[in-house]
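Following this line, the structures themselves.
The following pair of complexes shares a single chain, subunit A, combined with subunit B in the former and subunit C in the latter.
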Partner chain A sequence: MPGLPTVLSIISSFALFVLFLAFQGKPAFEALALVFEGAFGSSFAWENTLQRAAPLMLTALCVALPARAGLIIIGGEGALVLGGLAAATLPLWLTGLPPLATLIAMGMVAMLVGGFWIGLNGWLRQKRGLNETIGSLLLSYIAIALFNHLVEGPLRDPSSLNKPSTVGLDYSLMIGMISEDSFRVHWGLVAGIVACVLAYVLVRHSVKGFALDVVGGNVRTARMLGLPVNRLVILTCVLGGAAAGLAGMYEVSAVQGSANASLIVGYGISGILVSFAARHNPLAIIVCATLVGGIEASGSLLQRRLDLPDATTLILQGLLFTNLLAWEALVGRITQWRIRLEEHANKSKGAEVQHG
Partner chain B sequence: MGDLDLVTFLLALLAGAVRVGTPFLFVSLGECLTEKSGRINLGLEGILVAGAMTGYAVAYLSGSAWTGVLAAGGAGLLLGLLHGIVCSLPRVNDIAFGIALMLLGTGLAFFLGKAFIQPQAPMLPSISLGAWSDDGRVRSALNINMLFFIGVALAIFLHWGLRSTRWGLVLRLVGDHSESAQALGYRPLRVRVMATAVGGFLAGVGGSYLSLYYPGSWNEGLSSGQGLMAVALVIFARWQPLNCLWASMVFGAAGAIGPALQSVGISSGYYLYSAAPYILTMAVMLATCRPNRTLTGAPGELSLNR
Partner chain C sequence: MSDLDRRKFLKLAGLIGITAAMPFSFARAADKPLVVGFVYVGARDDFGYNQAHAQAARIIRSMPNVKVIEEENVPETSAVQQAMEAMIRQDGAELIFATSFGYFDPHVLRVAQRYPDVRFAHCGGLWDESKHPKNVGSFFGYIDEGQYLNGVVAGHMSKTKRIGFIAAKPVAQVLRNINAFTLGARSVDPEITTTVIFTGDWSLPVREAEAANGLIDQGCDVLTCHVDGPKVIVETAERRGVMSCGYHASQAALAPNGYLTGAEWNWETPYRAHVEAAQKGETMNNFLRGGLAEGFVKASDYGPNVSAEAREQADAVKASMIAGEFTLFKGPLKDNKGNVVLAEGEALGQTDVVLEQMNYLVEGVRGDI
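Entry: the complex of A and B
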């Protein structure tokens, strides 16, 4: 059962969370109830949760797609901020188009920048032998420094005094909610779900996806089969980076209205957790992103009602991730035991037959 | 830039190399030890932050900075132990668990450290070697923290220990070829757990330097990824503790370029200069890495090379 480690880790990390709070004399069960209430307790909570889940789905794809080819890329944050910056500045150069066309162009340029950034990672790994995990992390830090430099310097809107930002988007370029009255979640959620479904079709129901599984399973076999390994690896990186870049575009055009430091809030890091929890399965990412989005959404409620620091949700995420990896290994070991026990049983059954 | 300014700039750079480089030194020595045993601990970033918080909190509560340093090391030891033990389970990816530990460590530090953002803890003492000079800039550049000297001694000790002691050889054997170590009757997993725990201890001490000396207070933006850069730094240093010392100084100087330029009145492009250490790491890795070839000096069991 593929979801078993995830379920077990949710149970055990909530248990540890309760213990951690109880140990400090904080109202543990009340906090746990508030996590659920803040995440899924009301329609408002659901909207808040899904709003946060949308970018997580996209940044998780930035981890999951390269992971199918055996790469651990953890630099989605960099692709997100640069994608967002590109989307925020494009309307300054590109004027005179109808809003919808501008928005499409913004999405394209964000995906292009994000795809280039992570694609560069894949290229450096395949052509120059640079370890992709470290490389993506370094590129992500460089991206954030570049972002800060441009937002505080050349691209800064002089009227943004306390919080350096780029020039704000025109109101006509702000992406609205899916429904203003009944479902106040921006269209990024639809983009996230569509991207996950498309990624699922790619990795599960296409020839390319099968080739990717071969590359991820054993590179030597893939090379022997004559698969274009380098091209496939770089393709997954470009697609993953494009997803993260798109997340940046939606954060700018649906939430912030300009590119500023609020883009750097760790969607890239949480996306890693989501992708691992989903075991790099794009459809499972939708569920796991909703769960992690819910945990993040409950933070403000915990802070308001129980005066717990906003890092509470970070602890919960850390517990979830550590427990997940441990349970995956433990469940694997239990399965091994069961197979061995069954073999043993079969053998002794065979022995009985011989006796009789 | 005139002559006088150049001197100011170079002195600021030198001072920065030592001041900014010291936490790098501890974290990279910890990572070096861990990687010598054949594992990577990306969670050192979380350990560093947790160490910084623990060090500050304990120093404030006990009134002694050195107790804080030890407590920070202890916190790092525990988190390192966690990494070591969980990664000993079959098929646990050490890189993934490192990321998880990074989340957990920073989460714990931010949660428990909330109460210690305001109060002022006692700081670590430093030794002034510049009393002979009447130049204020020289004096401040040669005002060097005790932990730096401890770090230098540690680098020399580890360099010697890994070469010429029994435990050093066992550690390297486990990291290079664990089957051989097992055949000789050693337990690779136990050696790795111990190496990761000690690596965590050193990273925790590195964190306490951040909160107890420079920048010298506890807040949530204290670390700028030193724990993660240490992984690249160890590659730069070719898994040699003594090289870690030089590499840390270089990284410290790269990190100090921005502030040093500010000290001579150049403040444009501050954020770009803050990326200097990352660009440097990238350049070094690009210059030394080649596809289809492992790096010279790399432990054979390291997942980085496979």
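Entry: the complex of A and C
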């Protein structure tokens, strides 16, 4: 029952959320209804939700893929901002190509940079014995500092006065909406879904994915079987980082039009929540990203209709995460307990047979 | 497993959504009030930039036939586009105040193109008649006038002749404030220097506290700042027993002893102008600017320890600013590297857009861009 903790935690965190609001004397059930209305209640709400979910799918993959090999990478933010920066600056040097080719090149370079950054984490862990969680967090800080330095220094467009940015992209390089009239979500959503499906095929239906499960399950077994552990670990890091880098490219070319500090808004951090909620299953990421995107979208409505502070949805997200960890631990404990019981039962059965 | 959840979830969500959405679509048929939306980049109670906006929004809330809706902590990403669209589509907003600088390009411009009947008033942007939509307007205040007054008061009160200025980023608006403050202080005593520390971002409370302590350790006895929330800096100054000048909103309550005065926004004035124009159906004022005289900015009340001479001189300067007789940036003016930026006889009026592109620190400022 791999999805059980997720379902239980969604139910329990919404229950706690209602209690929390009721305790403060706020209209709890109205708020709950507004959460659903703001997230999924109309076609506009769906657009709003999916637009917010799109980058989360890609940054969640940056956590989920290395997690298959047993790594906890939390530095997706760094890969995202550097990927975005690379994508924003590439057209300045690569001129004369048709827009589509430039866009593809931008996507490639963003994935390369993002992949390199997280790949570095994998390499440091395998070759230098560095804890990948701490390492990725610190590398992410370095990436953000580097990004700020470049955007406010050498790569700054002198005409960006009060908000330092790189030179704006040409209009032809801006990625539009999937449909201007009926479905106003940018193409990053499609990229996110495709990436999740590809990742699913990789981890569930390929030899590499099976090898990864072995590495993630027990690295000694993997070594004994002669699996190329280092290469597999670094591969997942590179792929995860590439996904986060691509998210940066879409933020630049579909939303911002240049690289600036607005890329650093925590997509990488929310991606961690999404990936854990999805239990690192790439297909479940699509669902969980939509859920988190929906909660964020509904925050808007809660503020406007009930005058609740913005922190309300943060509390809901926090509840979701802590409940998830709690249920996961609990379900894990119960499973272990059951296994032990069954073992016990088998043993006593065996004993009976001997006696008989 | 996850597929099953999703289906269940969709069903439930759809049901609740449809029932909840019903009554709202009928709500705005009758004689409807003007729905005004406010979007803030930070928290409404940050003792700073966002609080100054939220305070004015509260006043607008009490205007007749106006309904105010607000949303805080909206980042400068597609989230703000979604927030503005949601205000328009879910709540029928007809006038939206986008209060953070980074909302302007591309977010406000994009949404404004899609909703030509909705007015968008943006704080701080440079509206350009040749390329920007007519339903977008920018408003801003000349708060450097308040900073100059801060400088005058600080100049009188400082004993060490060293003043500390904690700034977010070396961008034009911030540089203009640092320079105005320094000019004010040095108009009292040309020996005074302002030491600047750039923290690197608009809201970094830990680094701001470190910078404040560092400046006090270096001998600065008055602190001021240009960050989104001056709370930490003013509190640190008070705790360490030095004086402070406020910014954005009044921080007097945080430092009953050391607070001298502060440069505050008075957004009520431009807000009211835009709301009234929308109610009367007048065309939008696309470029609204003003200083002390127009009531766009104001100075905090003097703190209890401000000396009589300081009050007297600051009041005199304020009166001449309000009378329109005062020029803040005039030659001869040198930057802190010795280059002449304004020659003898040159003067820049407050409305001059050259000032909105400032890229130097004046003589007397210790620090590099």
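Here, the second predicted complex is superposed on the first by the 331 of 356 C-alpha atoms of A that agree within 3 Å, B and C clash if a C-alpha of one lies under 4 Å from a C-alpha of the other, contacts with A are read in each partner's own complex, and residues count from 1 in each chain.
Heads up, the rule we're going with is that a residue touches a chain if its C-beta (ideal position, glycine included) is under 8 Å from a C-beta of that chain, and two chains touch if they have at least 3 such contacts.
A quick note: this is a predicted structure, and the numbers were derived from the prediction, not measured.
Superposition note: with subunit A as the common reference, subunit B and subunit C are in steric clash. By the document's definition of touching, neither partner reaches A:Leu341: not subunit B, not subunit C. Judged by the touch definition given at the top, the superposed model places A:Pro309 against both subunit B and subunit C. Of the two partner chains placed around the shared chain by superposition, subunit B is the only one that A:Leu330 touches, whereas subunit C remains out of contact. Within the superposed three-chain model, A:Asn148 lies in touch with subunit B and with subunit C [touch as defined at top].
In the superposed model, A:Thr133 lies in contact with subunit B only, and not with subunit C. When the shared chain is aligned, no partner comes close enough to touch A:Val194: not subunit B, not subunit C.
Once the two complexes are laid over each other on the shared chain, residue contacts for A:Val255 go to subunit C alone; subunit B is not touched.
Using the contact criterion defined above for the overlaid structures, shared-chain residue A:Leu301 touches subunit C, although it does not reach subunit B. Legend: residue contacts after superposition of the two complexes on their common chain; A:Leu161 is shown touching subunit C, with no touch to subunit B. Across the superposed pair, subunit B and subunit C both touch subunit A at residues 148, 152, 309-311.
Taken together, the subunit C residues at the contact with subunit A in this complex read 1-2, 5-6, 9-10, 12-14, 16-18, 20-21, 37, 43-44, 69-79, 82-83, 85-87, 89-91, 101-102, 105-106, 124, 126, 169-173, 200-201, 356-357.
Remark: subunit A residues 1-4, 6-7, 33-34, 36-42, 44-45, 48, 51-52, 148, 152, 161-164, 186, 251, 254-257, 260-262, 265, 278, 281, 283-284, 287, 291, 296-297, 300-301, 303-305, 307, 309-311 touch subunit C in the complex.
By the touch criterion given at the top, residues 72, 74, 124, 126-131, 133-135, 137-139, 141-142, 145-146, 148-149, 152-153, 269, 272-273, 276, 308-312, 314-319, 321-322, 324-326, 328-330, 332-333 of subunit A touch subunit B in their complex. Against subunit A, in their complex, subunit B makes its touches with residues 42, 46, 82, 86, 89-93, 95-97, 99-101, 103-111, 114, 220, 225, 228-229, 231-232, 235, 268-272, 274-275, 278-279, 281-282, 285-286, 289-293, 304.
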